[in-house]
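Structure incoming, see below.
Which chain is which? They are A, B and C, in the order written, and residues in each are numbered from 1.
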Amino acid sequence: MKGRIEIDKERCKGCHLCIGVCPKKQIDISEELNSKGYYPARFQEENLPDSEKSKCTGCALCAVMCPDVAIEVYRETKDENEPNDEAKEE
Amino acid sequence: MKKVFSRPRSLKETPFHYCPGCGHSVIHRLVAEVIDELGLRERTVGVPPAGCAVLAYNYFDVDMVEAPHGRAAAVATGIKRILPDRVVFTYQGDGDIAAIGTAETIHAANRGERVTCIFVNNAVYGMTGGQMAPTTLLGQVTTTSPQGRLARREGNPLDLSQMLAVAAGSVYIERTSVTSPKNILKTRKAIKKAFLTQLEDKGFSLVEILSPCPTNWKMTPSEAIRWVDESMTKFFPLKVIKDAV
Amino acid sequence: MAKKVLMRGTHVLGEAAIRAGCRAYFGYPITPQNELPEYMAAAFVKMDDAVFLQAESELASINMVIGASVAGARVMTSSSSPGVSLKQEGISYLAGMELPAVVVNMMRGGPGLGNIAPSQSDYFQATRGGGHGDYRTIVLAPAYGQEIADMTVAAFDLADHYRTPVMILGDGMMGQMMEPVVLPEPVDLASLPSKDWLLDGCAGRPSRIMRSLWLDPPLLEELNWRLARKYEAITREIPDQEMYLLDDADLVVAAYGTAARIAKGAVHRAREMGIRVGLYRPKTLWPFPAEALAQMSRSIGEIIVFELNIGQMVEDVRLAVEGKCGVSFYGRPGGVVPTPEELARIISSTYHKLESRRHGGADISGEAGLRAVGSV
């Protein structure tokens, strides 16, 4: 089961609470300041295409912890994991 | 991939003005999530306090009326009595509800007003810059208890929730915190139960939520949540204080 | 002929409020107005669309009024002097949020605990506002049972029309006195204008915010000036007074409420002594009916302001006449209710001093002599 998150860099205030709760340690601190002068949190697998993302499971603990509703969470659903029959036969 | 977590509908897009790591922000989201889950957005009236959370009316996409400092429970009483089939909640800090608003809150509870109070306890007056509050802990230094709160001089931290539990009209009172995903989800469950207590016309409900205030405690957000877990819960243990639903 | 009933002032006020569509009352016991909450409790218990609640304090009750008003109800609270002091912050919020409400003050002796006898010592608090911020409160001053009924109805209409708190300023005597009154016709609640600003849950519309906090100064200034324009309109549109025996008057007694009734008796007695005196009785205390008084001031000798306090409305009279005629004051504070004879003697001595000044005659009493010399 794979997932990913999107962190709204402008909304994030760099409180880093999400970093502490991610079971896979997939969030760190960005080097670029946002317009308010915070170093926002950064999803490490941010730039990998979905297919190569492996660690984030979309558990959403980061989003639950985030005070500023700055994180949106996506998770692969069951049918996305088992590609449908035609795809299998190819 | 399916989106499994996003902003609740009852929360406006407006970014919070709250400090980084402030508990108000999380609690706003939880109240909005419960309002969405129970489908109450269009029949809810919220009563924010004077304090950091006065600007709650900029964030909740529900009808909101600002109450004078401490008087939210009385304003809510006035609204609920006129509109008994609407859902009315107050959102108050510890200074608002347990200092200046003690009488209004105790009497609303005693009358069993069908309103829900969200009591955010961060042990200081936040908006005004970190003064001592009724819930400031013994030994806790604030701008108006520079040597640390002394029982002999400033009295002990006031446990309003326990006091309210004595009032017959209060039906459901729980104290939770927002220091971890687990505690946050427990807080959401408590808020939901409080709203249901109101919806089922059982009586007065209140959820006290221990909440970090990094700026005024002069801590980082992570240190603040640890302080809540290790120090605040000693005076204010997390538990269901009353459940007569 | 409409049916007259003999009713006590507080009961008249309660019944008139209900007939004016009042469906919410929050109060607290305090003499001398207890009969009003008692009346509302007894009446509302028989009505299924009305809310009566005795709050834990006057302070809580005015905040319940804020809630009920925001929810759209015609709402009233009542108290007496010390209790009204506790409501001042709430009244400031009602003004700031432009919320309608009716607040009744049956004044008693003050300051502090004072006593429970009738007085007019809250004039400044009522007309200048005892709360904080740039706001005014419409203040209506009945003097007769019938006026209590009529002004109560007017209070609710004015409150809704201007979206502002309205105060009915009576006193302990007026609340207890029984007089024959014709009660107003009950208003049809459905016919009242709808309130597009109320909060009742945002079904089918955007959510609304009702607030008085405007952190950004230019926004608060905008509200302040909007309120100022409202107060200017009120000052133009509703000042009201009774002008009694003033056509040929050389002396004028200015008084309101119970004091005006005493003054009327004194005016009659002074007339019998051949003194051309009349009564100027403000019915609205704010906005103060200054115009008629100002016009008269050129043609009269002196205004005697008579109040049941140590002198408050006298300042508004001085402001109105701007020095064009003499203004003197006679008051009895502390809940003492003087007789018409007492005031008639004051009128007569004032008249004789005036006459002697006019004819330059040597005045017999030392004090008058001083005044003759002084620039008064």
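For the reader, a short list of remarks on this structure follows.
Criterion: contacts are C-beta pairs under 8 Å (C-beta built on N, C-alpha and C of every residue); 3 or more make two chains touch, one makes a residue touch a chain.
The shown structure was predicted, so the numbers you read here are calculated from the model rather than taken from an experiment.
Of all chains, the one whose CA centroid is most distant from that of chain C is A. No other two chains have as many C-beta pairs in contact as B-C.
Chain centres here are Cα averages; for chain B and chain C they lie 41 Å apart.
For the pair chain A and chain C, the distance between mean C-alpha positions equals 65 Å. One inter-chain figure worth recording: chain A and chain B are separated by 30 Å, centre to centre, where each centre is the mean of the chain's CA atoms.
For chain C, no residue reaches two or more other chains under the stated contact definition. Interface of chain B with chain A (complex): residues 1-7, 11, 15-16, 18-26, 29, 180-181, 184-185, 214, 220-222, 225. Those residues of chain C lying in contact with chain B across their complex are 23-24, 26, 51, 53, 55-57, 59-61, 63-73, 75, 89-90, 93, 97, 199-204, 207-213. Chain A meets chain B in the complex at residues 2-4, 10-11, 13-17, 20-21, 38, 50, 58, 60-61, 63-69, 71-77, 80. Put simply, chain B touches chain C in their complex at residues 41-45, 47, 50, 54, 57-58, 60-68, 71, 74-83, 86-87, 103-104, 107.
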